[in-house]
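Paired with chain B in one complex and with chain C in the other, chain A is shared by the two complexes that follow.
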Partner chain A sequence: MRNYLSTSLLLLSLVSAVNCATLLADEAKGLAIAQERKNRDAGWGDSESLTSMILRSAGGDESRREMRTAALEVQGDGDKGLTLFDEPRDVRGTAFLNHAHPTAEDDQWLYLPALKRVKRIASRNKSGPFMGSEFAYEDLSSFELAKYRFNYLRDEPCGDGQCFVIEQTPADEYSSYSKTVAWLDKTHYQPIKVTYYDRKNSLLKTLSLEDYKLYLEKYWRPHKLTMENHQTGKSTDLLIHNIRFNTGRTAADFDTNALQRAR
Partner chain B sequence: MRTLLTVVALICTQAQATETTLGPVQSADTLWKLATQARPDDQVAMVQVIYALWQANPHAFTLNNINALRQGSQLNIPQRQHMLSIPVAVARQWYNNAITIPAGRPAKASANVSNQAAAEAEQPTAVPVVTQATEQHDDTPPQPTSVPAIPARQQTKTQATTSVSGFTPPSQDYTLTLQQRYYAKPGDQAQAKSHSRASVSAEWVWQSNDRAHLLALEPFLRWDQQDTEGNLIDLRQAYWQYAGDGYDIKTGVDIVFWGVTESQHLVDVINQTDLIAGVDGEAKLGQPMFNLNRYGSAGKLAVYILPYFRPRTLAGQDGRLRPPLPVNSDQPLYESAQAERNLDFALRWSQQFGALDLALSYFEGNNREPILLPSAENTLQPMYLQMQQLGIEAQLISGSWIWKLESIYRKTRQQDFSAATLGFEYTQVGVFETDWDWAWIAEYQYDSRQQLAPVPGQNDLFIGSRFVANDAAGSEMLLGLLQDLDNSASKSVKLEASMRLSNTLRLRIDAWLFQSNLPSDTLYFIRHDDYFQLSLDYYF
Partner chain C sequence: MKQLWLTSVLNTPWRVLFGSLLLTLLMGAGISKLEFRGDYRIFFSADNPQLLAFEQMQNAFNKSDNILIGIAPADGNVFSAETLSLILQLTDAAWQTPHSIRVDSLTNYQHTEADEDDLMVGDLVSQSMPLAPQALARIRQIALNEPSIVKRLVADTGKVAAINITVQFPEVDKNREVFDTYNFVKQLTDEFSRQYPQVQFHLGGVIAMNNALASEAEQDARTLIPLMFLMIIIMLALLLRSIVGALATIIIIVIAIVSTLGLAGWAGIFLSMTTVNVPTILMTLAVADCVHVIASMQFALQRGDNKANAIRYSMQRNIMPVFITSSTTAIGFLTLNFSEVPILADLGNMSATGVMLACGFSLITLPALLYLLPLKASLVPKPESSTVMDRLASFVIRRHNLLLPIMLLIMLAFTGLISLNKINDEAVKYFSPNTQFRQSMDFLDQHLSASASIDFALNSGQSSGINQPEFIAAVDSFSQWLAQQPEVVHVNAISDTFKRLNKNMHGDDPAYYRIPTAPDEAAQYLLMYEMSLPYGLDLNNQLNLDKSATRIAVSLQNMGSKQITEFERKALSYLAQHYPQYSASAASTALMFGHIGERNMASMLQTLPLALLLISLLLALSLRSWRMGLISLAPNIAPAAIGFGIWGWYSGEINLGLSVVASLSLGIIVDDTVHFLAKYQHARQEGRNTEAAVRYAFTSVGRALWITTAVLIVGFSVLMLSNFRLNSDMGLLTAIIIFTALVIDFLFLPAFLLKFDTKEPKRHA
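Let's turn to the complex of A and B:
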């Protein structure tokens, strides 16, 4: 009996040791893949793009958003982004400036053209919908390693190729997600699909990223992103029409002085 | 000591020297890729890096063409200062031209003569005479491999979207607003209960391709059914602005906002208030100005010279929300002998210290706020005294809380006083398991003139609540109460709500309630002026 017990204990500890080792290995592999994703996308400098959003209600009613965005890569910190809203017409002239930080809260400002006021806004909670769409602010912020814990799950065929499936657990306690799962294309390490799980761990949204194009021989960018909310039946298409790199923008184009001048 | 310094200097020079070269250039390298390695920090634009690399390494490019980088060559990385010495706009223009020149054709060395360079890019000169291009270096391989700077598809895209200098066609925006206001009671001076109003504004903005020049023009017209004083022709914007490196200048008419608080705007003093437009005083009249902004690591310094004054819009004989005696705004009085041509002056320094924003301001000139003097014809006549004002604004962000302070000290011939607004804004998102944001605003308003203050907020508490639905219609609502702490019967309540009806239509609802039983209270004369207002904004 005693022998049996000790054998079981030994077996049990062996099993858990093996489990542990696999888990650690999977976390290391997950991080390595995420690192490779980040490295491959480093050095793009600055870019500008035209973006449309099509918001679709559960009943199929559509409304449209038009905006222009500019982005600046920042070494050693989160990226800077400037968004100018063109449609709907009542928000035309409104501008949004974001200085992302991997671990600290982002710095955010809004320019309100009716009052000509630059208003700094609290950014702790990034879970709010962006322009009434199915994209939350946190879905649109730059990919930073410090924002998540990574865990490699498996390889899986996806689209025309093969994907790494990585589980990402947000480090920010104010994130609206318990976890996200990303399918990264093995050829370019960019996501093809991301699923989002709410704080109760049920499936909330699925993001599909399509029409990848290569820029500057190195940087892959999707041109159609579809976010589907499984709990409400609503969806949003984000269409990127034109991406330009090397637009000559510097940090001076991403401060509050420039925000006032942004047109 | 001297030896030590020399040694240190030597080591440093050595260390720098090892970091100032790139290469040898591999077949997979692009100029862009190498430039990302050479870029010291994000203050330097990629085009500045590329231009400096190209300038400092004539041996590395066949025929001086950036699309023909020689394989195996070593690139010297110029100093950061050197990179910054060429203006971004010039470097960008040079780059946009340079990348369109096919490998094998010579490039023009001039970066400044943009039009000429563009012309050459389209029609290359028959005889390629480029001084540096033919230089042969022993260390470069005899068969240079051309490496394109960026992929061909990207080249055509850049070429297509960048026109050489000048302005893009102006943006044109027109807004028509129809407003219907219903008062609960007839006016104390028998004014009507129903007031209609219509306004139209146009905005044209021209911006140069390099974003350095901005021209804006925004005329505004308003028609008021009941009160002729409400009719208005205004220029809200009519200016030219130039943005340079670390500064911008503006000449013309514009609206400038100062401040951080929500319930009142004490510090905001550049523009005159269009009081007829709304009780909250947030609508402003265009102000002629010369403005210089200088910014750097020590913060932003703004200087304003204001050569012309605009009197406040005040309700006339048939207007509501006015004192019992009608105001005759036609001939305002001024303390200054120059009257509305008094040269007003303002300064503001602002700086961000992490989560804390701080600003200090000074203003001297015509007081934007009139005093109303009884005249012989049983009317009130506005008088604008000279004033000096010191202001401070502070704002601290802490998680979902924003703490706010505005305070002024104002001195006129008549009196000197101080006033302050202090409070917070707290925002919760996703309340009640919905997408709604729910914000609380609480602000205490103080004025050292106590009961004699010609404003409601002398010892008052403002409590407000804002709902933002985050829906496709962009629905939002603000409900606020301003309670006098000296007199429980003196209070005002406001409601602001709006939603989008279509891409080009927005519906707004505003309502105000006023309550007071003290004749000395500023709210007393408008206590029968509670109203409800519907507005429809049409954008075309």
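Let's turn to the complex of A and C:
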């Protein structure tokens, strides 16, 4: 009897040790996959593109925004981004500059042509909607390893291929998400689908990324991003055209002085 | 024919019972399909114009279904370090509310400030902020001067604060969703209440109302139905003095109720605040049928008849009256189909079906049951009340010359009081002051503005039009006009945000607290502001997708439905007059209730003549006399007229529940007239004069009439105990009308006949 008991205890502890080990392994595997994703996308330098944003209400009404974006890869820190608004007409010429940081708050400025001044956005709130769309600012910010804790969940078929399913828990306490789950295509380690869970852990949004194309024989970029809000029924399409690399932009084009000149 | 059918019932009683049971089981199986809905939208049909306007506004802007937590500290100051940190914690916890999409509170209000060229946007109170006396004074100063939160999220006295949780239900199982949401918040506030015993919490808003609708209906079902059963048993004991007779009656009532509820389930009707009382109404109406049948049988048994003959005797006397009275009652209930309120139509259809089922069961199943059960003759001898009736008859005959004018005068006087009634439908006032929901809402209304509100949507007609200075100016002057109206407590308009942003963009210079001068200025300030707002606190509840329209939220003092529709008209005509270039609309739940009362009353008043005509026709047919049909009009119309007159003097407020009472009660009170006139006519046709015929009518049906009236009054009085005023008012007024009908049938109708029906009967009609 005693023997039996100790055997089962031993078995039990063995099982839990194995469980623990797999959990650790999954976190390690999650991080490894995320690292691979980051590595594969490293070295793109700088890029430019045109973006159309189509906002859709639950009733099917649509509204369109147009903007031009430029991005600069920064080694050892978050990327820098510049967005110039073209439509709607009343915000034409407004320019948005962003310096992402893996752990600290991003720095953000807005150039307002009506005032002819650069204003710093002094807010911790990066969780709000971008231009009234279903994309939060944090959904569009550059992918940094330090922003999340990763956990590998499983492999799953997705689209035409196979995906890693990774759970990402935001490190930022001001994030509006309790977690996000990303489906990364095994061929290029880029997300095909991301689901977002709100602070009460209910499914909030699903992002679908389509029309991936290969640039510079190395970098995969999606051309259509659709964000669907499951709670409000609203959705936003982000259509990206004309991606160009090696545009010759430097860090000087991404500071607040350049912001005033940006056209 | 009647004979043949009766014989077959009595020859094969087991087969009849078995058949009834099978039928009941088949119909009753539908009960499993019955679901309960406690959502205020069940008051409105899908094509209700105010509901459509409301839904359109909810589609253009965010939903506004909400639950409001009122926070009242004992020291009467929410701007203390302790209370503010409570609000901070509760706000944070409130984000966990199931289906919540937005939480607004005093602490997470997004305060904006300029700091040189920075636009600071952030929570008014945050975790990291030290709450020293100076900071508290600053927070108080900002909060009480910010038009968008004062009187909405904090009382202007600083005594009460509120957290408003906006929810968006997936609407898969709305009952469950309301229940989950409400219970979560209730548990949350209970927890905080234990932690902070000196602080009171009150729950308001649409979700709290929906929850109260469901829980009060459940309360009705749990208390009123058993109480009604008890009353029925007591009444049966008094009336029949026979356990077996009472048992048979209860069996009939139960199978009638089970079948009715089951049929409702099969028909896809759901239970609601009103239909939950169908069992109570059916018990009241069905008991009379059974009592008539059993009492007649007991009479025959006492006379020495054997059981079969006693049942035959009873059936022959009762088939026609039971059928006619059930039909008129059913017609009365069926007129509720003309109501604008779907759940009142459901109440009518279920009651009408139930009454006809009860009629069928008491004419088919009851005789078979009585045949098999060991029923003995009643222990009570024919009571002395026939001598009471005889004396009443003598009195009426003696004094009819005096009675007629006096009764007429009383009738006219009470009828004149009808004009004191005003239609009023306020959802909050549907709940009795004893209910927790009503108490919370009354408290919240005292300090904030919780129950009455109207949202106005103003559309510029072009994309990004809300950035046009002239449009902002229109919004601004409209919101100022609104604020000047005496009924208005609070206005939330985007124009205030534009003015504040303009000030912030110019280093907080108060001189810039005005509307931006160019559309691109306005648009860029707004863009900057929107990029600074956190998740869930965006402007989607004030601006539509392409920024062509804005929503202006107006909170009003607690006011009647008439005043709120009047206010809507006034505000819309202000806009039409001053800003005809912009299209405007108004919507809110208060407006929906405000309009439905009048529309419902109008449609019910239109159907009343139809009901009266149908019932009089049925009456004339059953009495086989047009003349009698015509004579019956006065005693059929008068009770409702007097009843509403009494109501005008007693309360003067007519809600949805009362607007259907006139046609509903008509079907019930007409029974008294039918019985009385039938006996009277029978005696006249036998050649007796008016006096003798009146006396005969009194002695033969007088007792039965007051007994059924007593049963009905008791039954409808049970409804008065409901905490839901649609039900309790309906019960009270119906009881008053039924009582009035008996008085008129005893004092006015015979006096009228004695005066005007004096011709000796020569011809048979």
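Here, the second predicted complex is superposed on the first by the 250 of 263 C-alpha atoms of A that agree within 3 Å, B and C clash if a C-alpha of one lies under 4 Å from a C-alpha of the other, contacts with A are read in each partner's own complex, and residues count from 1 in each chain.
Heads up, the rule we're going with is that contacts are C-beta pairs under 8 Å (C-beta built on N, C-alpha and C of every residue); 3 or more make two chains touch, one makes a residue touch a chain.
As the structure is a computational prediction, the values presented were derived from the model and not from experiment.
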Which of chain B and chain C A:R120 touches, first, second, both or neither: both
Touched partner set for A:K200, first chain B, second chain C, both or neither: second
First, second, both or neither for A:S57, with chain B first and chain C second: both
Contacts of A:T94 with chain B and chain C, given as first, second, both or neither: second
Partner chain(s) touched by A:S176 [first = chain B, second = chain C, both, neither]: both
First, second, both or neither for A:L110, with chain B first and chain C second: second
First, second, both or neither for A:P129, with chain B first and chain C second: both
Footprint overlap on chain A, comparing chain B with chain C: 55, 57, 63, 88-92, 115, 117-118, 120, 122, 124-125, 127-129, 132, 176
In the complex with chain A, residue positions of chain B that touch it: 30, 32-33, 36-37, 39, 41-47, 88-89, 91-92, 95, 150-151, 154, 157-158, 161, 171, 173, 205, 207, 210-211, 214, 241, 243, 245-246, 248, 254-257, 259, 282, 293, 295, 300, 352, 357, 395, 397, 399-402, 425, 427, 429-430, 435, 437, 470-474, 500, 503-504, 506, 537, 539
Chain A residues touching chain B - in the complex, by the definition given at the top: 42-46, 55, 57, 63-64, 72-75, 87-93, 105, 115-118, 120, 122, 124-125, 127-129, 132, 176, 214-218, 242, 244-253, 255-258, 261, 263
Of chain C, residues touching chain A in the complex: 59-60, 62-63, 95-101, 115, 117-122, 168, 170, 463-464, 467, 505, 518-525, 527-528, 530-540, 543-547
Of all residues in chain A, those that touch chain C in their complex: 55-59, 61-63, 85, 88-92, 94, 96, 108, 110, 112-115, 117-125, 127-132, 136-137, 174, 176, 199-200, 202, 231-232, 234
